[in-house]
Amino acid sequence: MSDAHADVTKHVKAYIAVFTALITLTVVTVLASRLTVAPSVHVAIALAIAGFKASLVAMIFMHLKWERQAISGLC
Amino acid sequence: MSGDHHHEPSFIRKYVFSVDHKVIGIQYGVTALCFLFLGFCLIMMMRWQLAYPGETMPIIGNLFGEAAMPGGVMLPEFYNSLGAMHGTIMIFLGVVPLLVGAFGNYVMPLQIGAPDMAFPKLNMLSYWSYFLGGVVMLASFFVPGGAANSGWTSYPPLSDIATTGQTWWLFGMVCLITSSLLGSVNFIVTIVQLRVEGLTMFRLPFFVWAQLITSFLLLLAFPPLEAAGVLQLMDRLAGTSFFLPEGLVVSGVVQTQISGGGSPILWQHLFWFLAHPEVYVLILPAMGMVAEIISINTRKPLWGYRAMIYSTIFLGFMSFIVWAHHMFMTGMGTKISAFFATTTMIISIPSVVILTAMVISLYQGAIRFTVPMLFALAFLPMFAIGGLTGLPLGLPASDIHLHDTYYVIGHFHYVVAPGTIFAIFAGIYHWFPKITGRTLNKTLGYIHFAFSFIFINIIFMPMFWQGMAGVSRRLYDQTVYAHGDAVQSLTVISSWGAWMLGLAQIPFIINFFISIKAGKKVSDNPWEATTLEWSAPSPPPHGNFATVPVVYRGPYEYSVPGASSDYIPQHITTEA
Amino acid sequence: MSAEVLPYTVKPHPVTGLYNGKFGIWLFLASEVMLFGALFSTYIFLRIGAPETGPTAWPTGEQTHLSWKLGGLNTLILILSSVTMVMAWVQFKMDNLAKGRMYLIATAVLAIAFVAIKLKFEYMHKFHLGIKPSTSVFFAIYFTMTGLHALHIIGGVVVIAYFIGPGAKLWHENREYYTNRIECTGLYWHFVDLVWIFLFPILYLL
Amino acid sequence: MKLSMITLAAAFAINTITFTPTPCQAGDKNVITGKIIFKGDLAKYKRTKINTSKDPNCKKSKKTIGSEKVIINKKTDPLTLRNVVVSIKSGLGDKVFPVSKEELKVTQFGCQYKPHIIAGQSGQTLRILNGDNTNHNIHFLPKVNDEHNFTQPKKDMVKGKTIVLKAEDPFKVKCDVHPWMNCYIAVFEHPFFDVTGKDGTFKLAGMPDGSYTIQAWHESFGTVTAEAEISGNTIVTKDMTFEP
Amino acid sequence: MNRSRIIGVATVIVVIVCMMAPTVVLGQTDGPVASGHIIDGDYGYGMPPNASKDGHNVDNLIHILHWFMLALFVAWGIFFVYCLMRFRARAGHRATYDPVKAKVSKYAEIGVAAFEAFLLIGLSMPIWAATKNEPPAKELATHVRVVAEQFQWNFHYPGTDGTFGRTAAAFVDTVDNPLGLDRSDPAAEDDVFATELHLPVNKPVICDLTSKDVIHSFFLPVMRVKQDVIPGMRIPVWFTPVKEGRYEVACAQLCGNNHYSMRAEMVIEDDASFATWLEEVGKVEEFDEDELD
């Protein structure tokens, strides 16, 4: 991970983008629960959105995206 | 590098709350050996009740108070408490801390050339959490109603309506699980990150590989039991009914305060999801130690080192999808039992591969019958019996008759008693010179081995016949049943075997304590082994190695053709 | 045994690219995934096992007495706290202690707000209605999962408070070591937020 | 075999004599006595034989045993009810009375508790003996007392710690191994209680002067109360009737 | 080196002796048991007698397995002892460095794995499917409801009308109604409660297992039947008794203090005596205390 100041600020933009994405997705999940649809579909939608949000948090916030080397080193 | 003591740590800091992996290893070792012996004493008392039901126990009969053994006769609830605590103490307080806490903590950093574990304070925290768990388990004997008495598996609803000892058991388990969890994080980071230069993953001694896979098992398998423990604590304390179905009537009293909706099978799934990887945690480090000792004492590289490593990794994965072969009898359909029977058959193959590899390592070797080697050699046939008797239990059809009988007890005790505990003895005799600089007495060692080997077979071999006859396990008095009464003579033989095994440990205990001070002084490498821990002085100082070693070759370079001596240690630069 | 003696405590390992702390926290999060995984599978086991009708049927919608508004609010709070946590790490990376510490305090305050909402509005509200974990299996699993999650959040707050207060001493000794530790705390924090992201729809919406 | 039967019968006899239900105080001579009359269809409450085939050892101590849910003394003129606990319900205020030192004994004989109803004072000790050559699991089912659940696998095995009783409405004690075995324990704050025997009479003695409500409790028919006024060492008779 | 070799050989011989001793020295014994009734069938070290029509499948599988295990252990043991003797360290003998080409062991392992697969798919699955998926026809079978409670097996016969009466937790009375039968339900009039399991011979039996409080396990050694009895679940199990006699019902899962005394007896008899027993056990005689007390 390069530590130059410029690079870190690039991260900040990513964080703000993820933040807004998470907010909108939460609203979407709540709206999705309003739809009158078969319960199994409800579950599928809710989990898909939650899964996507989780991957966003993991990739960006937890820096998995920038640790290509770690992942290749271990597995 | 090793001498940067900026302050001399006080006695407490150095020995009690130490962060040195060697001191913590010894703390784990001594505590776990005491618990092992205590667990063994519990079973020696139970064997009296099994062999001579209802008769007053001689000598120590009336030491246990009127609530447990009025007039020296053991009550069934005390018998059940002893049974449950025997299982818990032997596994969670004795063998796992010995294999992972003591041997892993002491030997593994030395074998990878690291100065200490990656997180020393975390290492200390995990010992003291284990110690707290042990104290809570011991204290639960004195709680009104006695210790937990619904088996070491503590199946609800029996454990949900049990006496307060069960709550202490659950809290003790949460402490022990936290200790193993923290320990496993420490081990994995140390093995992966702190290997010295030149020590690639496939130059690691097999013992270190076994510890790595065991740590992954501990890391990923223990949390579900912690979750199950939390759920059962909620059941017992907050009145929830995770494991209690609707409409329970306990001795005539309709349980209206239970909301129902839970199911006892939920606990069994969560428990066995841990307990099967747990039994592999019990056996893998033992296999690691036996492999080390065999290769050193046959002066020959381990046959199929890579095959053994791939089998261990495969064993690690498979152990997570095998758990329900403990639950064939809970009303399972053919689909689920077919899946788990198949995975059980598949998982028996890597164990056979590892065992065969170790036996073939003897071929064309120059076998030295030292005391650790005798224990390691005895491990092989005994583990074979343990493994083979797993087959009838793995197939659902034959499991119908054999489930929950003494056959099961014979099966897993053959794997654990002459298997893991003999490997532990082998490890103690093998690494004692490294820990104290002195060796254990050889003749006392031979006596200890010979008698232990004989009596351990006398205890557990008859159990297969009892199991076939249909004698159920955890029976306070087997003579109540006709099929139990017919084989009561076998129970008497087993009981005498157990008491004799108790006597056979005395030479070892004497040998252990005397040799610390009065044992014969030996060099740093008495067994002429190649792995890194023998290059450090014994006992190794605080930073382990005077100069950081560099590794040039694999761990088993014995009898290399054309070399000057019959072993070339890993850290020696290439021969002149 | 001071830090520099153990290799790769601060500098990342050449092969794995991780320093010890980060590797350790990721392993710890793996075990936490198994812990919450076990609780989620318990939830699924109980929900599938629940009969359609009768006293132990699975409550949905109004019968759960769970207001999705409070749940939604808590989700937003946690997402915000995740962002402030990562911004704190960014500030420490850019060497200004004051701003970084301010973000840490923001994270701690948001976390305490989350716990306060959960305890004050959700738990007390249920206790007043006479709903306890023992009322039904749904409330049992609800209280257990959200309770354990709240305990994890409180644990996180304690660690963050340590790094705001006494932990900051390390900043002056070894700046990078302190930032790494903040990053590990951040990883743990994002994981806790991640668990809530799954908890919220399952308990509140479905 | 013969000798043990005789000694057992002797022990059994001594037991009943030593067990004086009404420890009366030295000074006062106030006595409330009376009968518990049963008005109802005798045929409906016949005692039935209990099938103890599950454990043949029960037959070795006693040939057959009968259910003790409702025992009507057929020989008494107005039919009276056995095993009724009669005690003073209220009127004693908060006076404290000495607890008798004598130990209550319950024997398990023929897979049945002897006596069927045990009445005692809070603080009195209770000891349970095993008179059968089989295993019993004594299981208290109280709300206030602690839930004892212990086993006696052998004959003449005395339960180690004597059980100290706390005041509580009559609660059931059951044997988990022989589910038909049960008895009731009633514990009062004061010593004025009695259990009706074969003649259906009760005798409460030694209470200070005053007006009291007396309560009669039966395991199947519930409770009946009556008012009684007593003063100056007199004997008051008060009969109560159960009409199920 | 000489002394340790003698010790090694001595221990191996002693182990073989002590493994074989139990079977040789102590022959088979059978006989009555403390509970007073004579239990039929001679019980000894092998499998208990088989009184069920398809119990022999389980027996055959266990026997085949044990011969297979014995063969493996002996072959493997011979190689093991040979290595110990042949390659022991002695003057002038050096270990060889390069690993031996063990093709034999690889094929042996593949052979073992193949035989295990055969055991699993060929033998175990069909037997397990028979015990789990093929219940006997309802009208031919004797139907019994087995309700386990802490330390007693309760057997509930449907009586002549063939239907079980309604049972509910509220009606449970430990003295005369352990099953909690609702007497007002018309189907419950002829239901019979017993603590002894009587079954007609040569007729399939279906037992519906349920428990009132904790997990028990319905274990009939002579019928090769074992099934956990879990509260909140009703699990059917079926078998066909073919040999008359009085046998035992055991509890195989720890269920509390007196798990060991939770024993019932099973009587397999012909239809006539089964019918008379069914009448007899339901009757309740009047107890007249004067003649006894």
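Note that the chains take the letters A, B, C, D and E in the order they are written out, and that residue 1 is the start of every chain.
In the analysis below, a residue touches a chain if its C-beta (ideal position, glycine included) is under 8 Å from a C-beta of that chain, and two chains touch if they have at least 3 such contacts.
What you are looking at is a predicted structure, and each value in this text was computed from that prediction instead of being measured.
Trainee: Out of curiosity, which chains are bumping into both chain B and chain C?
Mentor: Correct list: empty, since no chain touches both.
Trainee: Among all chains, whose Cα centre is located farthest from the one for chain C?
Mentor: D
Trainee: Applying the contact rule given earlier, which two chains have the most C-beta pairs between them?
Mentor: Going pair by pair, the biggest contact count turns up for B-E.
Trainee: Comparing centres built from CA atoms, which chain ends up most distant from chain A?
Mentor: So the farthest one, by centre of C-alpha atoms, is D.
Trainee: Could you name the chain whose CA centroid falls nearest to the centroid of all protein CA atoms?
Mentor: B
Trainee: Taking the mean of the C-alpha atoms as each chain's centre, how many Å separate chain C from chain E?
Mentor: Using C-alpha averages as centres, the distance is 49 Å.
Trainee: Taking each chain's centre as its mean C-alpha position, how far apart are chain A and chain E in Å?
Mentor: Chain centres of chain A and chain E, defined by C-alpha means, are spaced 54 Å apart.
Trainee: What's the distance between the Cα centroids of chain A and chain C, rounded to whole Å?
Mentor: Chain centres of chain A and chain C, defined by C-alpha means, are spaced 16 Å apart.
Trainee: Hey, how far is the Cα centre of chain D from the one of chain E, in Å?
Mentor: Centre-to-centre distance between chain D and chain E: 44 Å.
Trainee: What are the residues of chain A that contact at least two other chains?
Mentor: If we look for residues of chain A contacting two or more partner chains, we find 74.
Trainee: In chain B, what residues contact two or more other chains?
Mentor: Within chain B, residues 75-77, 192, 246, 251-252, 260, 263, 476-477 contact more than one other chain.
Trainee: Would you give the residues of chain C that are in contact with at least 2 other chains, written as numbers and ranges?
Mentor: 13, 16, 18
Trainee: So which chains actually touch one another? I want all the pairs, not just one.
Mentor: Those chain pairs satisfying the definition are A-C, B-C, B-D, B-E, D-E.
Trainee: Once bound in the complex, which stretches of chain C touch chain A?
Mentor: 13, 15-18, 68, 72, 75-76, 79-80, 82-83, 85-87, 90, 93-94, 183, 186-187, 190-191, 193-194, 197-198, 200-202, 205-206
Trainee: Quick one: in the complex, what on chain A touches chain C?
Mentor: Listed in rising order, the residues of chain A that touch chain C are 3, 5, 8-9, 11-12, 15-16, 18-19, 22-23, 26-27, 29-30, 32-33, 39, 42-43, 46-47, 49-50, 53-54, 57-58, 61-63, 67, 69-70, 73-74.
Trainee: Can you list the chain B residues touching chain C in their complex?
Mentor: Spelled out, the residues of chain B in touch with chain C are 1, 4, 6, 19-20, 114-116, 118-120, 122, 181, 184-186, 188-189, 192-194, 219-224, 226-228, 230-231, 234, 238-242, 246, 257-263, 266, 269-270, 273, 542-543.
Trainee: Inside the complex, what are the residues of chain D that reach chain E?
Mentor: 46-51, 53-57, 63-67, 69, 71, 135, 137, 149-151, 174, 176-177, 179-180, 182
Trainee: Any idea which chain B residues touch chain D in the complex?
Mentor: By the definition above, chain B touches chain D via 54, 65-67, 70-71, 73, 75-77, 144-145, 163, 251-253, 476-477.
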